[in-house]
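First subunit A sits with subunit B, and in the next complex the same chain sits with subunit C.
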Partner chain A sequence: MIFSLDLLTEALLFGVLLGCFYAAVSIGLSVSFGLLDVPHVAHPAVMVLGSYCTYLLASQGLDPIVAGVVLMPAFFVLGILIYRFYYESFEKRGTDAGVRGLAFFFGVAFIIEIGLILAFGVDQRSVSAAYIGSSWALGEYRIPYRMLVAFGVALVLTFGLTVYLSKTFTGRAIKAVAQDEPALRLMGANPVRIKQWAFGIATGVSALAGAMLIIVNPVEPALDRLYIGRTFCVVVLAGLGSMTGTLAAGLILGIAESIVLMFLGASWAPAVAFGLLLIALGVRPQGLFGR
Partner chain B sequence: MKYWVSVAVLFLLSVALALAPTNDYFFYAAFVVLQFVVLSTAWNILGGYAGYVNFGTGAFFAIGAYSAVVLFKWLGAPLAVQMVAGAAVSGLLGFSVGLLTLRLRGIFFAIATVAVTFVLETVMINWRYVGGATGLQLVRPAVIEPFDTYTRMLFVVMALLALIAISVARYVQDSWIGRGLRAIRDSEEAAECSGVPTLKLKLFACTISGALMGAAGAAMPMYLAFIEPASTFSLNYSVSALAMPMIGGTAHWIGPVIGALILATIQQVVTVTISNEINVLVVGVLLVAFVVGAPDGVLGLFKRWLRSSK
Partner chain C sequence: MALELSVKGIEAGYAAVRALHGVSLDIGQGETVALLGTNGNGKSTLMKCVMGMVRPTKGSVTLAIDGKTHDLTRLSTEEIVNLGVAMVPEGRRLFPKLTVEENLLLGAFRPLARTEISRNLAFCFEAFPVLAERRRQLAGSMSGGQQQMLAIARALMSAPKLLLVDEPSVGLAPILVSHTITKIKELKDQYGLTVLMAEQNFHQAIRIADRGYIIVHGEIVFEGDVKALEQNELVRSYYLGTG
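The block that comes next holds the complex of A and B.
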């Protein structure tokens, strides 16, 4: 493909939208893995589960975004249950939580994936809404409305979580748990309850992220494998637990992927996130905005 | 001594089986089971002894397979050469992944190995010579006497490789290397401070583990007479190679063998009788059940039973 300024601008524009979307799908992981140190490899699988739940609700005539919001409380509870189970089985026992905890979440991801295959089959599923399929003509560029919707929701999510974590009492407690758990225990607070709450929030957010996932592209059960790279790339690049960093890292990934997509072709796109992740891990594991 | 006699007996048994007039399907299934014995034993050298979780078994396996395909297509190399080359290339990949352990531990190392898998898969998808995304049909060379079919020969080859892998794991476990690796698993800082050459040992474990996985993968293209990236690099290999030692028990070399024999046999039966999806589900459910309920695997359960019956 010929390199031209026009194409580059288009790639950049699309990259920014895509980047915000990637930030939104990673923000749950940024809390659960970045702040709570839970090796949540199943995060993308939970998100895809959210997409399928959205699909079910949307086929009843509900708007996908509304469906995502409706699903949030249910996923919040699911998150609390997952964390509780993880805590009782691994963190509490202490020894060797690393290897087995990882294996546990890896297993959970596969169970969700296969469960979805058994329930829905391997075919791609998509939802329909007024803003899906049409696009907005901005000068000579065409911006799909679905990307704009995802962009908007992503900004709201990121901004909301940033404010929540820095302004509210519980939010600050979550940050405190991430910083120094024993100190929090000495202050008479129960870190497990705070972590449980935070994990619930992270999972609740994943429901909305899953709704956006199915708005932006059709989903299939095995999609979570690809998103392991994207979400972890964003969270690691961001520096664990940094919300503004998540947005910045999402933008970097989105722009990089959209440029590769434009100039090298779709078959190279999956390598971008994983390649960037490897570079980030190898060169700067503490991320751009590391704590 | 007793160990080596049983190894020889097992090998001769596999040759005898392959020459006996049994149903060919048995070898078709047994090959896969033995292949998982190799993968899970190889995984355990790094994951079980040193505590570094490798999610990238698919990458090592596939790089071995693709090395074999390249050699076969380019030079028409025989199977033995393909497997040695597959082991060498995957060992090299293992060495480079081992260098990552300099900076990365725990989940970071695990995620990095997943990343390696997907990056290499994308490269293979875009490499026309080896068939790209659609894959490449291979014509098997004539079978070597005295075997009737190619599958039977591959079965014996994989049995030999499994025995080699087990012997390597046994050697590593019982030598100072294994002690060093266990020290790394328990506390890398403490090991380093006590004079354990941690980097050297980690690199060794990564290389050996990768080479064995690559050798197992190198036999795959000839087994299927076909190669294709999506299934060769599949994370299903990664989850199986991780689940089998976890189910069998990671502390002893026999653990991954038990895990692989149990799980891979169930998988073979389930794939034939129910479906391919259920077989991955079985892996996931058993993995979760064991890491939660029996953290030391079948071996741990067995030990507990021995102690309580005393």
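The block that comes next holds the complex of A and C.
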């Protein structure tokens, strides 16, 4: 192991960008799992679906970021449909909705994965754009432009969701719904509709995150498996339901992985997420920004 | 602006347990009506029937408001709230992990209340200065008395015409009970509210009530104005244990 300040700076710099990337892929889950208590393990799979949809639109000549934005309304509707199905068949029936819901979302993840394999095969797919493959020279460091895309998407989503959740009536109801549903009814809001809407938003956000995913790296149908641990780690570390916490937790995971990658080697990197998750659960179960 | 809540012969319960047996009750515009009785006699169930949270198996619950009559047994809780009925539920049911201010703003969720939100918020902060001081604090971290204030203020944020308060005294120190009850009276007068209050603290409740109903084992056993209630020693000693 060679240690130098240069390498550390590089690891930190790349860690920040990677961290933003992790925050952006996790923020949808921060709404669906963090705020709504829905055990949405299919979140990364939905995102990979977003990547493939971006790939299709990009192959028609659309810019991948624009494609991600265009896909958001369609994914919003998809989210509403998924939640509706989950609600009618599991949540409505009460008590062990959590466990059965987990099975349901694993099922959804597999269906998406297999659907993608049938449609696209198992080969990696990627998109091309002017900002993919080139980088920005900052002193002696080179910052890939595609990572700056991740940086931007993370900031926009974090800021947008934070404002939406704190400044709008529906946003505040989304924050309240998992805490006390009957009480929310007494405020004049229908908890099921609120959750459905919030799940739609979480899924819509995943379309943009999926576009970012394929901009940053080529994707393949089973890619979601790599992100289940990471996204849940970020959401739990953040403190369930905190958007700024998600950004902070993403940064922590990104920097930690980057340093481990640089100094201990790639084989240790996947262990970082679960290590952080265990530390978070042991030391501060309410998370960094948990209430 | 006439308002009349009319409950006629309702029966309701949970699974095999019947909590209400043919209960009738009327509240007119501007009245404060106390629903008296000890724990487990059906006060909360009756309130939940009004709010559409429990469906009566028999009888009717109607609300006449501005010349229109609404059958509350056919409306959802949200629709009933939208008519201008608010309830301070038993146990307060605040959103503990949201701030005081967020709780209050959620109280103004119904479209009609949104237009008056800044005025109502200012009013709540004026009525309960402690809430203004603690507006950024999490609701769950406040004391019981403060939480009760917040629960009442949150209900007022919906700019209700009819306010239901379920056991405001539960879990509060005696001095706070008296303070809370007085506050309900003040707010009622300022807002021109109609109030139905379920309470087991007889003395406190009749301080502000115009009329009262005594409910025992799911049946109304006595109804009358405050004088009649106070003079009815038998009712007081037997059912309320305060004689």
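Keep this in mind: the second predicted complex is superposed on the first by the 285 of 291 C-alpha atoms of A that agree within 3 Å, B and C clash if a C-alpha of one lies under 4 Å from a C-alpha of the other, contacts with A are read in each partner's own complex, and residues count from 1 in each chain.
Note that a contact is a pair of C-beta atoms (placed from the backbone, for glycine too) under 8 Å apart; a residue touches a chain by one contact, two chains touch by 3 or more.
Remember, predicted model here, so these are calculated numbers, not experimental data.
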item: Subunit C versus subunit B on the shared subunit A, clash or fit after superposition; value: fit
item: Which superposed partner A:Pro270 touches (first subunit B, second subunit C, both, neither); value: first
item: Subunit B versus subunit C as contact partner of A:Val108, first or second or both or neither; value: first
item: Partner chain in contact with A:Ala202 - subunit B first, subunit C second, else both or neither; value: neither
item: Which partner reaches more residues of subunit A (counting touched residues only), subunit B or subunit C; value: B
item: First, second, both or neither for A:Leu36, with subunit B first and subunit C second; value: neither
item: Touching partner for A:Val99 - first (subunit B), second (subunit C), both, neither; value: first
item: Touched partner set for A:Phe232, first subunit B, second subunit C, both or neither; value: first
item: Partner chain(s) touched by A:Leu118 [first = subunit B, second = subunit C, both, neither]; value: first
item: Least C-alpha distance (whole Å) that remains between subunit C and subunit B when both complexes are overlaid; value: 19
item: For the subunit A and subunit B complex, residues of the former touching the latter; value: 33, 39, 41, 85, 89, 93, 96, 98-100, 102-104, 106-111, 113-115, 117-118, 225-226, 228-229, 232, 236, 267-268, 270-271, 274-275, 277-278, 281-282, 285
item: Subunit C partner contacts - residues on subunit A that touch it in the complex; value: 166, 169, 172-173, 175-176, 179-180, 182-190, 291
item: Of all residues in subunit B, those that touch subunit A in their complex; value: 47, 51, 53, 55, 100, 103-104, 106-108, 110-112, 114-116, 118-119, 121-123, 125-126, 133, 235, 239, 242-243, 246, 277-278, 280-281, 283-285, 287-288, 291-292, 295
item: Contact footprint of subunit A on subunit C as seen in their complex; value: 51, 53, 76-78, 81-82, 86-87, 89, 93-98, 102, 105-110, 114, 138, 154-155, 158
